[in-house]
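Right after this note come the structures.
Below are two complexes that have chain A in common, paired first with chain B and then with chain C.
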Partner chain A sequence: MKNKNTATHGFGPKEYLLCAAATLAVFLLCVCLGSVNLPLADTLAAFRDILTGTVPEETTLAYRILQPVRLPRILCASLSGAALSLCGACMQGLLKNPLADGSTLGVSAGASLGAICSIAFGFSVPGLLFSGTMVSAVIAAFISLAIILSFAYRLDASLSTNTIILIGIVYSMLVSAMSNLVITFAGDRVKTITFWNMGSLQGTSYPNAAALAICLLVCGGILLLTAEELNAFSIGEENARSIGVNVRAVRLRVLICVSILIGVCVSIGGSISFVGLITPHLVRPLTGPNHKRLLPASLFGGAIFLLLADLCARTILAPRELPIGVVTSIVGSILFVHIFYTGRKQR
Partner chain B sequence: MKKATRLLALLLSLAMTAGLMAGCATPSASKDGEKASNEVENTAVTFTDMTGREITLDAPADRIVALTASDCEILYALGAGDKLVGRGEYCDYPAEVFEVPSVQSGYETNIEQIIELKPDVLVMATMAQTVEQVEQLENAGIKVVVSDAQNIEGVYTAINMLGTLTGKTAEATTIVDSMKKTFDEVSAKADEESAGSIYFEVSPLQYGLWTAGKGTFMDEIANMLGLKNAFADVEGWAEISEEQVIERAPDYILTITMYFGEGPTPEEEILSRKGWENIPAVKNQKILNLQNNELSRPAPRLADAARMLYDLIHGTAAEEDKAA
Partner chain C sequence: MEKAELLSVQNLSVALSGKHILQDVSFTLNEGDWLMLIGPNGAGKSTLINAVSQAIPYSGNIRILGKDSKQMKSRSLARAIGVLNQNHYVGYGFTVEEVIRLGLYSHREGFFSLRAPSKSAENSAFGKAKYTSFDPDQAVFDAAGKTGLTELLSHSILTLSGGELQRTFLAQLFVQDPQILILDEPANHLDLIYQQQIFSLVKEWQSRPDRAVLSVVHDLSLAKKYGSRALLLRNGQTAALGTVSEVMSPELLESVYSMDVYAWMQDLYGRWSR
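This part shows the complex of A and B:
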């Protein structure tokens, strides 16, 4: 993986295996550690039995905590982490912008507004398993991205870094203000949402994890297959067009996938900032800028990052919980400053 | 541009003049009121508010603005609800309180709104008001009274203080006595045996579990009933882990989640949570939902809440007692 000679090639089976093993190791660590200290032997036995589907009649505390509470939560943490950082990596490539991410562009804020509106006004799509919040979060995320980008293109066709980030920040502020407005007018019903808005993976379930997994499989798969086009984009849109990339189609494809992934993540875990921004920067020194390597590495890196962040949120103040957004923001901003500082020095 | 500036200046000066006139009008109006009540009888009242400031009124207050929901409840319980000329926006009990004009409260407290209502007295908590804001109010001729109960003893103090303030001392004594009597009754069984542990749920799982730990009214009432708060090691209100609730396996669950008439009720939602099946409270369906802030406000209804909790624990025994 660190061998620069292979940098032009894609992500080989060996590298996939290595990353998967690392993610699995962190996953196991998160299975064993938690708010409640369970005996390691009990935990591993319970984990083995749950995996093999042979849960005994008489269960220990480990089963009762692991199966319904801890496992779905860490599944959701790893899947949202993977999804969010894949989105970040793709947007950074598509927009040639190292600061692009769901939270800096205002997409997460838009998705939050969608989710809050659906709770406040009781909007739901009948017959759908994850009706209401998830659907409206996805739609709101897509509308947000469309608004931000069309505005950015109109102002500055070259899509310079500053323009997009400025528009994203302004849009974030506007949308957050609108969320607060909805919360103010919707009365008691939405008051509890202020807790949720900070981002929390508490109470996530297996169906949540399944929804994330399906979206990640479909949208993540599409995004991974777009790596070559993203490589062309990261040199420049003109360049991409000249080598025969259908710029509009690729852009639309990426935007739809990103909105779906961010929307689903926000509706399940609230807005968890910095994951999408920071992980691609963390893995880039290892993989180089080639998206064929960057995207899969971000996928695994994001899962590991959010697993560890959630582990901190669960355990540091036990029995209390920290909102996961607090953890990712603190860790993320420190790492970010570090990356930029060392990056500038090298130049 | 110049024109706009001039217009702005004109508007500003107009607004300032209007403000000055309003400022002058307030004291003279209240002076008239004082004169009127002095002629009837001399009923000056003096008391100490809950920050220890001594307050003297020439007569029991006739126009009151109360910012906190608990003080509104106390005033209505005293039979002084008709003296409310303004209420904080979150005051919601009893229903009559909605007929009173609402003002912003807490961090958004708006001095102008309060002055406009021309109260004799403003009752508020020690939340977000600066010394300067209190001075502004006192300069406008409004006495500021702080009511800030931190425990049940504090609620008695608040009731007695508001009773003195409104000239309803007898009513205040009745309410306090009745609360004490209820608390005595419900704590009678506490000494016999430990009633078990209770988990208070302030925010449901969907939004992250929040509980009420040590130093809350819920904790105090639990102890009164001989119950052990499952999260007594947590200070105040806090977000806690679902794993911890399962491990601590409380005997009773009390949730203050609101129900909006759709989907499962808060009790049903807790009963259906995965992994909670083995918690004694869930197994024995010992879950109580108090939706109307009975247990989170320093007001007379704390006694009602204690009674409901008592009924949850002792069930039919309490019904028999009532029948007898």
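This part shows the complex of A and C:
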């Protein structure tokens, strides 16, 4: 790592392969473990059947558990983890604020409000599968980001760390109150909304995973290609403008991608907080702040983090299940205090 | 031979929340000029710089290299104008090299292809005709060498002193190599030795063809030594524009600064005779 090239250049094929292998290993571990533990050989056999599309005549236990329940859920966990972490890393760079994240800025809360409205009032875009919650969550996420940032710029053009987080907290409170208001009028749908709102990947489906994968491919791809601009932003917006970054266009591009990713994640898994805050902090000591390395590392790191969190949620109190949001919040807040504390001491 | 006009500002006005910060300021910057912006605090010097670098909304007409600045794309604007800001608050531990390397951004078209900066063949190494083709690594290394940062290239910017940080961003500008250099208090945070170095580096940079400098300085002695022309601002309006000796006359300075500037300077610097 002392080599000059690794210090300034992005992820090479070797790094990508290494991270993919690690993610795959954790993925397999999570597939095998659960309220029912499956031997690796059976799991792999079931995988082969699912991938080739053949339904064995005598379905094994592994196949019956994996195909309808566990596999889509784990796919969703890894994809949401990757998407949320990428968003966190991008926002921390764009706003030059190490505390920025969908949950601290109130974007997740905003997306939740959108999704809750759509569940409670049952509106949807005709012709699109589960479009109601997803589209309204994405739109609400974008509007939230726009509101929070325009307020922050108006109050303090330098976007200092504290101002924007404070606005995010106030906004979260306001939006949560509105969510609760909607829930009180939701009648018989209260239970669905409440459980979903705590953050749960239970009952996710293949179409969910496909939607996540497509969004991650498109928006995540765009974000990864914006790494150099994000480097400039995280050194300072003035400096970014001086070196020739189209500040407004890049900011809009990042905000749209982040809103889409967070909106989709929230509509599928509820508000799973802290993932986007913690993962970039965990990988930064390994990669440094350069987004060319930080973003891909956060992508894989986030997948691994959420896979493990989901594993805990499924197994710790098995056969009962914890909402994954509870697990990430507990683990995340402890980790965050630890990082904050050690960071302080080093200075 | 007529000197080429690099920057022309006409009737520039800036109003923030109903208050006029700048009113009807006009000037031009020709090849080889070093225009010093002087005036007391709050005269609108930094605002003028922000407007010229397109960072804030303004009314009036600014033409950069003959083009309407509002129509220019970010990257071509950055190839024409580079700004060294006064304050650098840095949050993340980028290395000095990573920061300097960002100066190459405007020379890249689109996402990947690296294009040689305009006139790089004769100009990039400060007129030494060093490169046959533009080598980004060499440009970064040269800029670091000129600013005395070679030893610090792999250091985190969080560990730098204010002066080292300022030199890092200056090195970034040298890599960016715009035709017009805008400096907001370039000697801020700098030790005397680096203050002298920075000013002579900028002087050397500016003496190449097709280059000009616009800078804000508080230290009037520096303005007198390095400036070719000066713009004196008072309450957002032009008090005087012309050569340094014209603008920095005892009478004009006294009326704008409300003190006998010459007497103070003589009092300050008269003590230095050996």
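Points to keep in mind about this one:
One rule holds in what follows: the second predicted complex is superposed on the first by the 333 of 347 C-alpha atoms of A that agree within 3 Å, B and C clash if a C-alpha of one lies under 4 Å from a C-alpha of the other, contacts with A are read in each partner's own complex, and residues count from 1 in each chain.
The working rule: a residue touches a chain if its C-beta (ideal position, glycine included) is under 8 Å from a C-beta of that chain, and two chains touch if they have at least 3 such contacts.
Because the structure is a prediction, the values reported are computed rather than measured.
In this superposed model built on chain A, chain B and chain C occupy separate space and fit side by side.
Rounded to the nearest 10, the angle made at the CA centre of chain A by the CA centres of chain B and chain C in the overlaid structures is 140 degrees. By the touch criterion defined above, A:243 reaches chain C but does not reach chain B. By the touch criterion defined above, A:49 reaches neither chain B nor chain C. Of the two partner chains placed by the overlay, only chain C lies in contact with A:235; chain B stays clear of it.
Annotation: superposed on chain A, chain B and chain C show a minimal Cα-Cα gap of 30 Å. Overlap of the chain B and chain C contact sets on chain A: empty, with no shared residue.
Of all residues in chain B, only 203-210, 231, 233-234, 238-244, 246-247, 257-258, 260, 262, 273-276, 278 touch chain A in the complex they form.
Considering their complex, residues 34-36, 61, 64-65, 67-70, 122, 188-189, 192-193, 195-196, 200, 202-203, 205, 314, 318-323 of chain A touch chain B. Contacts from chain A toward chain C in the complex involve residues 4, 7-8, 93, 96-98, 225, 228, 231-232, 234-236, 238-239, 241-247, 249, 288-290. For chain C in complex with chain A, the residues that touch the partner chain are 53-55, 73-79, 82-85, 88-95, 97-99, 101-103, 105-106, 111, 154, 157, 169, 172-173, 176.
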